């Protein structure tokens, strides 16, 4: 294309062509467009969840930029002189006063503020749901392990963005949240006291923290989030999207509408829809009413003091510790009531982060995987996921123990004890039930493949017996039910020196745990031999 | 679905050949079943209503441009709402209307635009489905080998592996060079202060009067009736020029009066209360929330953040929740005029635990 | 308070049945402040002897089972001597008394008496000993300084009742009720008498003018809907988080299904 003669040449050229040529001759973009423009993008609703996160983030950037023009990240004390009567004359920080001005004295300011905050909640929620989809369909397997790590890092960064963001107004609720962070940091052995001292620029609350959080919130963290999103998307392009098993879909192809124009239209339209949904929510529903909370003051606190939802699991972990987990040893204070939640959450995060590598090690499978699993076809993985979700949900629910108590007429002590049980025993129960359910569903799939669908048609046999006719599956429907792989438990074999290492044994026992009671897909032979028996 | 023809057959045939080049990487413990079903290939393309029925296609087009016009209307509405709903009247109801109508306009503009574009893509654009071939992510073995060669060549030419002294000293230098930057961050907190002494003392001194939060008015013992809870700051806190909140964050106290008979005081603290009046730090010993939910009959104090409960009748020992230590007690007495005063500072650091606390 | 007791759920059905059996003869129970501020004086002269007599009859018919024939208190209900007219007006006027059954705390329910009967009861109890009186209208009509009231509310009340007056949990199934539709008089009376486990806020802790300001603030919150739109119960981040997961993300997932469904 770039070898074409100057644009003055052919008068018949359409505007689209001319414009494309004009741009290309100055940017050499043609190769890129040719490569990407007609890529097939597999189509499934669950493949749009990551886009929800991405588009919420764009809304956050747009609304956040507007807010930076008005927000002042200073903790200097002023007497509020804005429109909101119940705070008139009250001493507060400039940060709080400017947030109130955004809300009450700048037209549309409250709308943008609320949209920013709602978008933040949606951003993290969408990342969470997106990750669940990836996990339960095994879309983290080779070659996508790094992208799982990048995505999970984005989840953590998003939480950090959220926390630094909602702490900026310096209101009572977020101030108490910072107070908790201060206490949490101080409880860390050896470095805690000094870390808190450095974070807050002296004693809590000091006059520094809002400015520091602001630097993180509008510069460092967004830069990291943007960089990681860019990396994440580059990998999506490099790997091509996964697809669900289906007739014609193989590990060697990607089937779907082309990026230009259909996918671009759907995704572009979807961006405006997300933006619109957030605008609608911001127009109709209050979020973070700092005018109720008032300015931060170390003495008051509100009933129902909770963090935003994504920090809830950490707050819940703190609540679930029984009394007395703190000791003095070697003349130093060991705050296990803080360390245990921190370590438990840390282990949980590391396990989630490393899961793709763990599973790859257990299966020893070095092939690329581009077909997303149905969750039932990987029962142990699905069950582990359900256990993890239960653990997280228990911690999360614990962060609202007081609200659960008042709204369900329970005692708060009872709620805490019940959730302690949920967090410790719940994952095992969830694991067991999920695994059984998956295997049962797999067995049902086998039944259907072997004996066909129940047609609902009742036929009377010559002998007077009534039976329901089972319709055999057509080959396309059958393919959806049989196109999965199963793994056998690893056999222990001695290595070159004729020894069985402990690592091998461990790996074999993990492999047994994963695959011992697997259900294999129906084979042609089984179907043929099964036909005669049951009809 | 049912009336499948042979249109997918060729594709299926083409597909099955892929199985051959399904890389030679190890499948691990995956079972390769010999008589597995074969991929039947793509089913016949199913046309949309708008492909078959021109009227439906017309209608879809109409819907799309109507949505775009609606979007324009929404944008204009939002602009009009900006002007029509002022909020300079000190009335939150006006803010509510401003927020509501600007927001509804913007929402309409965006939703109509988005739904219109998606609808265009779904119903009007040609229903094309493409099949891309995937290639191994690692690229061809030749490319991979070439890249590896680049590294081995450059390693050989530079001597990175061979010249280990140079390499290791380089790594050492690179590890050490950020240290000055780290040290600079010591400046995050004041140079002339240390955290532990600051955390160990509060504004309370012998003779400091207990004053009401927030007014700062001193409190007489006779003001504190049984069942009362007073939120207390040290007198003089409001006059501080700097660090008022820092001091308040350590010095906030809750003052309660119980029947003296209900107080079960520690022997060494017998004279820390005055006629059933006790003063305890309001800052939770767990992570520092203000513990101020006082139940006057059960004498329980509850922290609303993590539900630690303290029993005021029993020197504020922990009866539930993650806190370990009792709330520190402020020894109090009365002065000549009958005002409540502190006997001293707290005898232990208040607030959350920290490493050097003991 | 032993640990055994704290473990028993307050809503155990058998406990309720047992209590109901004991309480069949109850026409009322009571649970008022054990003591109250001593500042306000019952204004005996403003209420005729007849009112007090009527109140006494009502009391003996409805309250004496628990509080004793002359309000001296029994095992099941505290003495009401000296609690003042304010305590009675609050407890009976909000329907908390007579109590349906013993529980962690008296529940609000439909008021059992007419306004006149409530006043008669109140003045009867006030005649037994000096205690806080029903406040004057100028203290409860919301004519004070909302900003001062809001600050005092945050310091003295918000930890239990929530900054927006949405209520909150206390220990062992007790709770601080929402203040979103409580009248100014009852708010005032609650502060001076300290009903249930609420501490007493006497006039030297929070002056009558300050109480008026607090009521002014609460009335402001009651009268002005949130500028941001629906409040979601003013419960803060928990409600916001549930909303975005269920309705926000729920709606968006529905949209993703629409986007990727084959057009028809």
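First chain written, first letter: the chains are A, B and C, and each begins at residue 1.
Criterion: a residue touches a chain if its C-beta (ideal position, glycine included) is under 8 Å from a C-beta of that chain, and two chains touch if they have at least 3 such contacts.
Heads up on the chains, UniProt names are A = Cytochrome bc1 complex cytochrome b subunit; B = Cytochrome bc1 complex Rieske iron-sulfur subunit; C = Cytochrome bc1 complex cytochrome c subunit.
Quick caveat, the model's predicted, so the values are computed rather than measured.
Comparing the chain pairs A-C and B-C, the larger number of C-beta pairs in contact belongs to A-C. Centroid analysis (C-alpha atoms only) places A farthest from chain C.
Note on chain placement: the centre of chain A and the centre of chain B lie 14 Å apart, centres being C-alpha means.
Between chain A and chain C, the centres computed from C-alpha atoms are 43 Å apart. Centroids built from CA atoms put chain C at 34 Å from chain B. Multi-chain contact residues of chain B (touching two or more other chains) are listed as 92, 95, 99-100, 118, 122, 127, 213-214, 231, 290, 292-293, 304, 319-320. Across the assembly, chain A contributes residues 85, 103-104, 110, 114, 266, 269-270, 273-274, 277, 282-284, 297, 299-305, 401-402, 412-413 that each touch 2 or more other chains. Each of the following residues of chain C touches two or more other chains: 6, 151, 155, 159-160, 168, 170-172, 176, 226-229, 259. Across the interface of their complex, chain A is touched by residues 1-2, 4, 8, 11-12, 15, 18-19, 21-23, 25-31, 33, 35-37, 39-43, 82, 85-90, 92, 95, 98-104, 106-122, 125, 127-134, 136-137, 185-186, 188-190, 193, 195-196, 198-199, 213-214, 231, 233, 243, 245-246, 248-250, 252, 282-284, 286-290, 292-293, 304-308, 318-325, 351-358 of chain B. Residues 6-7, 9-11, 104, 146-147, 149-151, 154-155, 158-164, 166-173, 175-176, 217, 220-221, 226-232, 234-238, 240-245, 247-249, 251-253, 255-257, 259-261 of chain C are the ones touching chain A in the complex. Across the complex, chain C meets chain B through its residues 1, 6, 33-38, 151-152, 155-156, 159-160, 168, 170-172, 174, 176, 194, 196-202, 204-205, 224-229, 258-259, 262-264.
Taken together, the chain B residues at the contact with chain C in this complex read 46, 48-50, 60, 91-93, 95-96, 99-100, 118, 122-123, 127, 212-214, 219-220, 223-231, 256, 290, 292-298, 300, 302, 304, 309, 311, 319-320.
Residues 43-49, 52, 85-90, 103-104, 110, 114, 118, 121-122, 125-126, 129, 172-173, 266, 269-270, 273-274, 277-278, 281-289, 291-294, 297, 299-310, 312, 399-403, 405-406, 409-414 of chain A are the ones that touch chain C when the two sit in their complex.
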